[in-house]
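In the two assemblies presented below, subunit A is common to both, partnered first by subunit B and then by subunit C.
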Partner chain A sequence: MSAPKRKLKVATTSLAGCFGCHMSLLDIDERILKLLELVELDRSPLTDIKHCGPCDLGLVEGGLCNAENVHVLREFRKQCKVLVAVGACAINGGLPAQRNHLDVRECLTSVYRTVPNDPELPLPLDHVHPINDVVRIDYSLPGCPPPADALWQFLTDFIAGRTPSLGHGLIHYD
Partner chain B sequence: MSKTFTMDEREIPFVEGQTVMQAALADGVYVPHLCAHPEFKPHGSCRVCTVKVNGRHAASCTLAAREGLVVENQTAELRELRRELVQLLFVEGNHFCPSCEKSGDCKLQALGYELEVKTLHFTQLFPDRPVDASHPDLMLDFNRCILCELCVRASAEVDGRHVFALSGRGIDKHLIVNSESGRLADTSIAATDTAVSVCPVGVILKKGRGFRVPIGQRTYDAAPISAMPEGKKP
Partner chain C sequence: MTSLETSQTDKPTRRISIDQVSRVEGHGKVTLLLDDEGHVHQARLHIVEFRGFERFIQGRPYWEVPVMVQRLCGICPVSHHLAASKALDVVVGATQLTPTAEKVRRLMHYGQMLQSHALHFFHLSSPDLLFGFDSEVSKRNVVGVVAAYPELATHGVLLRKFGQEVIRLTAGKRVHGTGSIPGGVNKSLTRAERDELLAALPDVLQWAREGVDLVKALHQKNTALYESFGLFRSSLLSLVGPGGRLEFYDGVIRARDADGQVMVDGIEPKNYRQHIEEEVKSWSYMKFPYLTALGPERGWYKVGPLARVQNCDFIHTPLAEAERQAFREAHGGQMVHAPLAYHWTRLIELLHAAEVIGELLRDDDLMGDALVVSGERVGEGVGIIEAPRGTLIHHYKVDSQDLVTMCNLIVSTTHNNQAMNEAIRSVAREYLDGHEPTEGLMNHLEVAIRAFDPCLSCATHAMGRMPLYVEVRDASGAVVGSATKSSR
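Up next, the complex of A and B:
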C-alpha cells in the first residue's frame, strides 16, 4: 500500500483588498470539498490561524496600503514556496490605489477631521503599492475578482504540478 | 498571379500600395495593433504590430508589402516584445478597468488578454491627470490615453473640427483640447463625431451610456480580439 500523498499547505490573506477574491474562491462551490481533500489551509481568514507556517502556496489578495500589510506580505514570502498575487489590487493596487495622487494627510482629515492616532492603527503608506513592489511574485491571477473558474484552473494545475494556464475568458481585468 | 510575401510560412497575397498589416488582415491573419485603423493613414507610433522582416524588426502598419518578404508574426519572441509594449502602456496611465465604462470593449485590455498580460511587471507611474466632464454629452478621462492620435486624426480629417492635439514630448506628451479654456465644452465637438467613436480605449466616452451593456456581455468577452473580424471591433 502506498503512503497517502501529503496534502499541500496553502495560506491565504487579504491585505488592502475587499475580500472579494476570497469570496470568488468560495464561489468554486462544491469543488471546495475536492480542494480540501488535496490541500490543508494554514494562515487564512478561513481558519483564523494568526501566523503563517511553512507552506507550499500563498495566495495574496489586496495591495499594500499600510505598514501591517507589508509585514504580513513579508511573512508570506518567507514561508511560502510559491506566492501568487490574486486580483487587481494585489497586481496593480486596484481601487485603494485610486488615492495615489492625493495627499494622505488631506485624505484622512477630510474624512475624520483629524489624523487618527491610535497605537492599534497601522501606519498608512503615502502610496498604495502592488505587492510586487516589495516581494518577488511567482504568479498573478488578474480580475476584480478573478473568476472562480480561474482560481480553480490555477489551483488544479498547481496541485497537479502543471504550469498554470488560463485560456480566453479566464484572464479578466474587470 | 497576384504578388505574395510570406508570413509565418503562409503566402499572403497583396496589391501594390498595401502595407504588410493591411495585406495580412485582408487575408484573415491577425496582426496585433492599437494605433492603426483601416480608415486612417498609418501612424506607426504604438509599435504593437512589430514583426520581424528578413531578420529585422519593423512596424507592419507602415511597412510596404513587397514580393518575397519573409515576415515573422506570431513567434514567442514577438509576443514577448508586444507584451512588454502593452505593459508599458498600462503603467504610463491609470487603468483601473473595474470602474472603466470601456471595459470589455477596449482594445488595450483585449490585447492584454490576447498576449496573456497577467501582471504589469514595470513600476506604475500613477500620474495625476484630472478628468474633463465639462461637456454635456461627453466626458474625457485622460488617465487612459495611450496617445494613439486616432482622435486627433479623426477630428481633423473626418470631422473637420481639429478638437484634439498632442502636446509635449517623451514622457510629458499628453492629449490637449483645442479651446481657449482647454475644456471640451468650449469646442464644437459633437457626440456623433468620428473622433468620439474611434478612441480604442476609455478616454472619450459618451455620457449616459455607462453600463447599458453589462460587463461580461461585451465585445471581447465573447471572443478574443484575434478571433474577432476586423469590421466587428468597436
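Up next, the complex of A and C:
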C-alpha cells in the first residue's frame, strides 16, 4: 500500500509587496494551526530558513522591483514544483508599478540628490514587473490581498490533491 | 572601539551577512566586516528596497490617497489609512470630526494596535524569547511555538483575530479597507456588530493580561540578559495625548533625552518640519531622522512602545496603568533603554488597546449616523498618528484641481533607523567580536532588530522631501564631499 504520507513542503516569500498577502494567509485564524499540521514551512518570512529548499508549493507575493527580487523568484521557481502568484502585485505589478511611468533615475535623484549607492544595495529595475515576466507560474490568486478564505480553499484543495478551484465570492480584485 | 558604522581599519577584512533578516516585515540585511582575528570593524543594517510611493502619489486625486497609501504596508495598513485621512481632513476643512467618525476611526486604530502587537509578539518574536536566541533554526519559529506552547500560540492567534475583526467591522476589510475618508468615515457600527465584539472582549482582556505576565516572567527569569542585550542610550519621541497621557490616535509631539528630561513638548503636528530633519547615508535607502536643534550626531531618537510608555505621564486605563507602574518599579524609576524591554512595553500597550476598545464599544456614538463633515478647503495638511511601531507622519499638498502636488511620509521604522543600527553594533561588540560567527550568534543580531518590530516595507516606500544633508565618503570612510538640499 501507499507509503506513510509525508508533509507537503511549502515556501512563501514577499518580493515587491507589502506583506498584506501574508497577513491574509494568517487571517485564516485558527485554521493556521490545522494547516501547520499538514504542511512543513520552508523559507518564509515566518521562519529563519534563508534559502528555499526543494518544495511542493511556493507562494509568491509581490512583483519585481529590483535585481534581488528576480534572484529570489528564480530560486523559488527552481525549487518549487508548483508556483503561485499571490495577489495583485505578483500578478500585474500592483500599486508599486505606478512608478513605471516615471524615470527611476529622476525619481531617485529628486529625492536623495546623492543617490544611495553601495554594493550591498540591489539595483532597482527600471520598471516594476509581474512575476510571470520572468518565470512560468502555475496558478494566480487575485485580490489585494486575496481573501483568507480563497487562500484556505486553494491550500486545502492542493493538499488534498484536487485541482484548486475558487468558488463563488472568492475571486475579487480589491 | 569605534562606532562600528564605518570600518576604520587598514587590515584586510571579510564580509559576512544576514540576507535577509527574517521574522520582520520587509526587506533588510545586516552586514559585518571582520578582520582575521574575528574583530568586528563595521556593522550595518541596510534597507535594500526602493519604491517611491511619495513620488507617484503626485498627480493623483487626494480622495484616492487614504486607500492607495495603505498599500505601503499590509501589517499596519490602518496606520497609513488614518494618517492620510487625518492630513486630508485638514485639506477638506474638517477641523472637528463628528463624534461617530472620530470614535469609529479610534476603534479601527486600537484594533490595529492590538492585532499588530499580537502578531509581532506571538508569531514573530516569541520563538527567540521562549526557545533561546541560538536555539535550533527548525524550531525557532511560530510552528515551534504551536508545538511547544499550543495554548499560548492559540491565544496569540485569537488575539490577532479579534484585532482584525475590529478592523473588518470598521474599515470593511481586514487588510486594505476603505472605511476612513477625508472628513470622516463611510460607515458606523451596527448594534449587532458592536455586540459581537463586546461578547469576545472578556477573553481578549484575559489573554492580553496573560501576555504581559509572560513577558514579565521572561524578564524576571533572566534579568541581566534582558537589561543588557543590545543596550544603547538615546532620546525618545512620541505623541502624547491630553494631560500627557498615552495616546495612539492624536496628540502633540514630545521628546525626552536619555535621562528622561523633556526636551520638546506640545509640538503641533503641522509644525513637525521645524523640528525633525532627515539625513541620507550611501549604504541604505532608509533615511536617518533627527531633531533639528540637536543635529544628526546627537539628535536621533527611538520611537515605538518603549518610547511611548516612558514618554507619557500616565495611561488612562487601569490595567495598563498598573502595568506601567510595575514596569517603572522594576527598573527603579530609571529610564529603560534595553531593546528587549520593547516587548514588555508592547504587551502593556496591547492590554491598553484592549481596554480602550472596551471603552469605545460601550459608547453609543459608535452607532451614530453623522459620518462626514467638511469646511473651508485649504491646500496643505499634516496628519500624525502613533502606529504600532511608532510615530507616523503624513504630509500632503493638494492643488485647486484636487490633485496631490507633494507628499512627504516619515514612517515609524525610519525614526528607529539609527536606534536599530546602534542595537546591532552593541550586540556585535558584546557577542560577535572575536568569535566565530555561527548561525546562532548571527541570530542575536536579528533578535535585536526584531525588538523594534521594524516594518521595512513602510520604510522602503518612503522618500521624503525634507531638507537633506548628504556626506560623500571614500572607501576608508573619509568625507570627500557634502551637499545640502533645503525643503521647499
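We adopt the following convention: the second predicted complex is superposed on the first by the 170 of 174 C-alpha atoms of A that agree within 3 Å, B and C clash if a C-alpha of one lies under 4 Å from a C-alpha of the other, contacts with A are read in each partner's own complex, and residues count from 1 in each chain.
Here is the rule we use: a residue touches a chain if its C-beta (ideal position, glycine included) is under 8 Å from a C-beta of that chain, and two chains touch if they have at least 3 such contacts.
The shown structure was predicted, so the numbers you read here are calculated from the model rather than taken from an experiment.
Asker: Look at A:Asn132 in the shared chain and tell me whether it touches subunit B only, subunit C only, both, or neither; answer first, second, both or neither.
Answerer: In the superposition, A:Asn132 contacts subunit B only.
Asker: Who does A:Glu75 touch here: subunit B (first), subunit C (second), both, or neither?
Answerer: In the superposition, A:Glu75 contacts neither subunit B nor subunit C.
Asker: Of the partners subunit B and subunit C, which touch A:Asp157 in the superposed model: first, second, both, neither?
Answerer: In the superposition, A:Asp157 touches no partner, neither subunit B nor subunit C.
Asker: Go through the superposed model and pick first if A:Asp149 touches only subunit B, second if only subunit C, both, or neither.
Answerer: neither
Asker: Using the touch criterion from the header, give the chain among subunit B and subunit C with more contacted residues in subunit A.
Answerer: Of the two chains, more subunit A residues are contacted by C.
Asker: Which holds for A:His168: it touches subunit B only (first), subunit C only (second), both, or neither?
Answerer: First partner only.
Asker: For A:Ile32, using the defined touch cut-off, is the partner it touches subunit B, subunit C, both, or neither? Pick first, second, both or neither.
Answerer: Touch partner of A:Ile32: subunit C, not subunit B.
Asker: Please indicate which partner A:Cys21 is in contact with in the superposed arrangement: first for subunit B, second for subunit C, both, or neither.
Answerer: second
Asker: Of the partners subunit B and subunit C, which touch A:Gln98 in the superposed model: first, second, both, neither?
Answerer: A:Gln98: touches subunit B and subunit C.
Asker: Show which residues of subunit A both subunit B and subunit C reach, each in its own complex.
Answerer: In the superposed arrangement, which is not itself an observed complex, subunit A uses residues 94-95, 98, 101, 144, 174 for both subunit B and subunit C.
Asker: Which positions of subunit A touch subunit C when the two form their complex?
Answerer: Residues 14, 16-24, 26-27, 29-30, 32-33, 36, 41, 45-50, 65-66, 68, 94-96, 98-99, 101-102, 107-108, 110-114, 116-118, 120-122, 124, 144-145, 148, 174 of subunit A touch subunit C in their complex.
Asker: Under the definition above, what is the set of subunit B residues touching subunit A in their complex?
Answerer: 90, 94-100, 103-104, 109, 112-113, 116-121, 123-124, 126-128, 215, 221, 223-224
Asker: Considering the complex alone, what residue numbers of subunit C touch subunit A?
Answerer: Residue list for subunit C touching subunit A: 17-20, 22-27, 29, 31, 44, 46, 48-56, 68, 71-75, 77, 119, 123-124, 137, 140-143, 146, 150, 153-154, 157-158, 160-161, 164, 173-176, 280-285, 443, 446, 457, 463-465, 468, 470, 472, 483, 485.
Asker: Quick check on the complex: what are the subunit A residues that touch subunit B?
Answerer: 85, 88, 91-95, 97-98, 100-101, 127, 130, 132-133, 137, 139-142, 144, 166, 168-169, 171-174
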